[in-house]
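One chain, chain A, links the two complexes that follow: it is found with chain B in the first and with chain C in the second.
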Partner chain A sequence: MNANIMNRSELIYHTIAIVTLAIFIILLWNFTSDVSYVEDQTSSDVMTEETVSTIYGLLYRMIPSFCGVILFSIAISFYLEEWLHQTSWQYQIIERYIAILARVPSLVVGILAVYFILFHFQNITYYSLLLTVVLLVMPFTIRSTQKAIQTVDMSVREAAYALGATRWRVVTSHVFPHTFPKILAVIGTAISRILAVAALLVAGVWIYVSNSFNIPKSVILMITGAVIVSVLSSLLDWKK
Partner chain B sequence: MQQPTNAPTLYLNGLNVWFGKNHVLKDLTFDVFPRQVTSFIGPSKCGKTALVRCLNRLNDLKSDFRYSGEVQFNGEDLYSSKVNVIDISQKIGMIFHKPIPFRRSIYENVAYPARLRGIKQSSELDIIVEECLREVQLWDEVFNDLDTSPDILTIGQQQQLCIARALAGNPDILIFDEPCEQLDATETPKLEATVQHLKSRYSLIFVTNKRRQAARVSDVAGFLYNGELIEFGHTEQIFTNPKDKLTEDYVTGRLG
Partner chain C sequence: MDTNNYSIETENLSLWYGDFQALIDVSVNIPTGKITSLIGPSGCGKTTLLRCFNRVNERYGNVTTEGEIKILGKNIYDPDVSLLELRKTVGMVFQRPNPLPISVYENILFGLRIHSPFRSLNRTQADEIVEEALTAVFLWDDLKDKLKMRATSLQLEQQQKLCIARLLPLKPQVILMDEPCSALDAKGTLAVEELMSVLAGSYTFLIVTHNMAQAKRVSDECIYMFLGELIEHRETQALFETPEHPKTADYVQMRYG
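What follows is the complex of A and B.
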């Protein structure tokens, strides 16, 4: 009986999450297509080689945003795990959003980004790139950081609370130091995912524009960078 | 019942506790007086841990926790909205069944609650750390290793360290939640001696599922069964002349 009730409530949460996410994403894509916040206002019909350099320019501009997105994701994970009760409806709904988005393979997000940039917007906007990064990195980072936080033994938290520590103190003095190596590994993996998708994006645009498969060296560099960062991050995780 | 010489440190009146729909503590009423050890015995899952976690409000961490009744600490309602939970946690120290030293040096472990109280001067902290470690008879064993990790200590020493850390918070009550669960036969008597030593200064609550241990260390004992306080009284009376059949069955080993 209880199991049925749980299943029904989970189904409701899941449905709400899927529907609202779909509406939100459609609205957001429409919004970003309307915003012509473009570095290089070229003709929207023809993609020129300047487009590729625009991507590079935007990528450089995006670096602070990448950092912001990653830090924001880590903050959300701590909020979810340390401040919200796991049985609360807020936790359940956010958890469903993240679960759905985290299951989307990074390749799909990359292809989506290329598709929208080339065929939908025919322009590269800051917002569309940011949205790609948010879709790509946030669910993964939140999910992985949550897993890292969950590995901290509840008894450590309780021992600190029993001594009169505040919640903030428990998080900063006990939970964060325990999870720090794992969070570093998560950040590394997130960076490697961003690099990989950026490489895919540049390569896709390059092939489309130049109609040749002579992929620029920077793409190879980005992919190599992604591999190196992911290997390093797996080592960090392994060493704890 | 032991004649109270002072006002009770803790006073419970009709305490009921639920976790979700699970009614884990049923109508508990008893007093805890200063300078005596009050032990709670009972089979596992009878509500001993739920009870002591109510007393320093650790149950607040659980979203499905509900209670009714009255819990007074030093004459004030422990669950009043005016009560500062942080202050309460410092005044009611807790030692868990498993020693939980923090990932910092032995010195910093003991100094931690003192720092939480706002003490920053290193000379003052040095005194507190030494006093607390001496109280639990650990100073002579660790004074050369204060800057090292507690990992070098045995489980028994780690538990003594956790007691010293609780003392550094300057508590009025110390709650021991099955503190000898992980200790071996040589370390248990040392911890029991520490409990007897601390009795002269604090109110102590000692939860255990070892009947003989409760008989050895406590002055007052309560027998919990299925969340109900079946009997509460002098330890000697509980173990030699129990009034309730269930208590008699438990202390003689026929139950649990």
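What follows is the complex of A and C.
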């Protein structure tokens, strides 16, 4: 009976992977074969110097959304690890799909985002940025938080359950406090990923609009910020 | 208390992990207020049987159970049974000492805090409970100045005693022990065994052990299991000296296992 469930989840998992690949290949085909369309659009004046200032506005607006995405991802990873049975097909599918997405380097997501915003849509909107944040942060955060939760010794959970603790109690009084430093480190890394991609985006737009490589200071600041945050978060992770 | 003096009764209990049948038609009665030990070669279902009694088995998906388990006369698979109450009545001590990674003081109170309304314990009551529990397991003198210490930094023997102590405030009727001494040295084993025999009158103990000398020393009754089946259940001395079943004889006379 169990073997059947595994096979079904395996099948769904492979289907998802193949469909995703197919979509990417079709998209790529579409863009590469349609170069003339892209070149036509570059002559329009949709992107102007105003765009650079609207980007900053949008980036600030992203901060609360970023926090929301982070909290949501952490909640999902606790749900996956503590509530779902790891043999259930739901767990298998979500877990593996996230594993695929988490392996995509942040640079790839960043370059894709810049490409879409600059050359394809010629427009920068709240939703395109939100999509970038979701793709960049969610799989990575869920995966790393899951790993942190898995480091909590099974015997601690067993002890608490055997004393009659509910799942909620076990998570709030043991699993969460134990993983908290690691979760902070994960959040730090997520912030630095976002800062790096934001720097890439601002630089890309700047070069595109002004046609010069005289990149604004804010880009350098964002990159420095990304480095500082990632160093700090690795320090947090060091202790345990 | 149950009229027929058995704390745990099972009838035709079978259990599967997926397709694998780990327990086959186990029917057993565990007497109240005594120490009963479960012996048998590795993988024979001792621990599985033990874990059925407070339903911790259920946490690992794909487990199917058939048959009946009555604890203090009540079927624990009845829909009106609360897991919280069940685990309060049936305490469990694990193979590796597993104190929670909090202070000694909080370890003792953790169970009680789960089972009592929020903030219903006042400081003096809590202090008394902790002292009582630690005294019962002979740890009070060693630990009275270290109550704020992290429980995971104690010696293994003390940790295991603490794991027993933290059950006591819940006033369990049955204490299940899964190879409680396998991580301890000779001195620690002796201390835990002594503790068990002192507590035996007031609690029903069911212990899984690989150590036959230990089964002989501490238990009143002994159950031999083999490949998921219950082979023999008799008084310890009788089981070791005049085993009825040839499989039991092979095992207890060390021809097997």
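As a working rule, the second predicted complex is superposed on the first by the 199 of 240 C-alpha atoms of A that agree within 3 Å, B and C clash if a C-alpha of one lies under 4 Å from a C-alpha of the other, contacts with A are read in each partner's own complex, and residues count from 1 in each chain.
Just so we're on the same page, a residue touches a chain if its C-beta (ideal position, glycine included) is under 8 Å from a C-beta of that chain, and two chains touch if they have at least 3 such contacts.
All of these numbers come straight from a predicted model, not from anything done at the bench.
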Room on chain A for both chain B and chain C (clash or fit): clash
First, second, both or neither for A:Ser155, with chain B first and chain C second: both
Partner chain(s) touched by A:Gly164 [first = chain B, second = chain C, both, neither]: both
Common interface residues of chain A - those touching chain B in one complex and chain C in the other: 85-88, 153, 155-156, 158-166, 169, 174, 178
Chain A residues touching chain C - in the complex, by the definition given at the top: 1-3, 85-88, 153, 155-156, 158-166, 169, 173-174, 178
Touch list for chain A against partner chain B, complex: 85-88, 153, 155-166, 169, 174, 177-178
Residue ranges of chain C in contact with chain A within the complex: 18-19, 54, 56, 59-62, 83-88, 91-92, 94, 96, 98-101, 110-111, 114-115, 163, 166-167, 170
Residues of chain B defined as touching chain A within the complex: 56, 58, 61, 63-64, 86-87, 89-90, 93-94, 96, 98, 100, 102-103, 112-113, 116-117, 162, 165-166, 169
